[in-house]
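Sharing a structure, written as structure tokens. Questions coming.
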Amino acid sequence: MKILQEQFSISTKTRCQMVDITGQVQSVVRESGIKDGDAIVFCPHTTAAITINENADRSVPHDILLALEQTIPEHISGFQHVEGNSDAHAKSSIVGCSEQVLIKGGSITLGTWQGIFFCEFDGPRSRRVHVQVRGK
Amino acid sequence: MKILQEQFSISTKTRCQMVDITGQVQSVVRESGIKDGDAIVFCPHTTAAITINENADRSVPHDILLALEQTIPEHISGFQHVEGNSDAHAKSSIVGCSEQVLIKGGSITLGTWQGIFFCEFDGPRSRRVHVQVRGK
Amino acid sequence: MKILQEQFSISTKTRCQMVDITGQVQSVVRESGIKDGDAIVFCPHTTAAITINENADRSVPHDILLALEQTIPEHISGFQHVEGNSDAHAKSSIVGCSEQVLIKGGSITLGTWQGIFFCEFDGPRSRRVHVQVRGK
């Protein structure tokens, strides 16, 4: 049983953005040499998140961000946090700061249409992503 | 340390539905022979999700689906995805495509009222569920 | 490879509350003696959740709870569950009943502003939190 931890950086360009990081995660898994197991993809930020969703049609991330914006608008009466990014913190908690993916034969076993996304809710910023690969 | 991956299929009957899959996950855990560890339950689809919630009273899944429908309605002005199921993609990302459960003494250790559900948001469809059991 | 399961109790004071449990989780990790690996923090209740978000400024948990309350209000027309806490069940499913954190050098490796929270949505109640530490 092996455990390997890696990190990589990304730069986001707008306030809300979904960045496809499937390739970077797959690279970490390949370099680990682990054939069967799983990987945790973890976001160490409180105004961002990790999700798995469709990466074939770019309109899907657009529409997910739109639905989130409609669900939790930037300004809600009663918000107290002086940084003005409370919506980003709330979106982070409902999408969640990590995902886990299964590894088989040295590759992550996503569904046909699935990709792994870093979700920026308070950019543009420089961000980091942690990946832990476990298995044998 | 053992790692075992299994899959099973389910058929959903309506557009939005929560299907109790606790028994199927428990069966995979029992057949693995693993006594202490954990299981990842992973949905390889982008318009569905996995959640853990009450499976004693059938009104609870009904009300969760109703709250999700009210939060993210099927049609939001500005949606661009031509398949017309953007709400299902967004619900998938806020509920999440996987859950993890702990295993003790060969059984999953859910709380008294907890069950594991496959959440369909764009059915009816044939779906698959991946389960990875890890431990000893 | 070691696996250790522990539990601790907390008491919540109001209907909706985010309780910082970072210290308790860190204690379980330290006592496990595990240096590299990960921990699952699992909530065995169906009207509560676990999340990771900012624990530096107390206005952040306040605003997250406010955003959740605005997203899924206590009373939605059509709710059938007679206990009257359907909103709490829905919030539990969108925030999620578990989180996973990475362990390096014997400590959980959260980002600068991250803390682990137990989210109460139907308190006040006595609650339990399960922690499983895995690694070497």
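Per-chain residue numbering starts at 1, and chain names A, B and C are given in the order in which the chains are listed.
Quick note on the criterion: a contact is a pair of C-beta atoms (placed from the backbone, for glycine too) under 8 Å apart; a residue touches a chain by one contact, two chains touch by 3 or more.
These numbers come from a predicted model, not from an experiment.
**Student:** Given which chains touch which, is the overall layout a line, a ring, a star, complete, or other?
**Tutor:** complete
**Student:** Rounded to the nearest 5 degrees, what is the angle of the rotation relating the C-alpha atoms of chain A to those of chain B?
**Tutor:** A turn of 120 degrees brings the C-alpha atoms of chain A onto chain B.
**Student:** How far is the middle of chain B from the middle of chain C, if each middle is the mean of its Cα atoms, in Å?
**Tutor:** 19
**Student:** Hey, what residues on chain A touch two or more of the other chains?
**Tutor:** 1, 71, 94, 96, 100 - these are the residues of chain A that touch more than one other chain.
**Student:** Going by the contact rule at the top, pick out the chain A residues touching chain C in the complex.
**Tutor:** Those residues of chain A that touch chain C are 1, 3, 5, 40, 42-46, 71-72, 76, 78-83, 86-87, 89-90, 92-94, 96-98, 100, 130, 132, 134.
**Student:** So in the complex, the part of chain B that touches chain C is made up of which residues?
**Tutor:** 1, 36-38, 51-54, 57, 59-60, 62-64, 66-68, 70-71, 94-96, 99-102, 104, 109-114, 135-136
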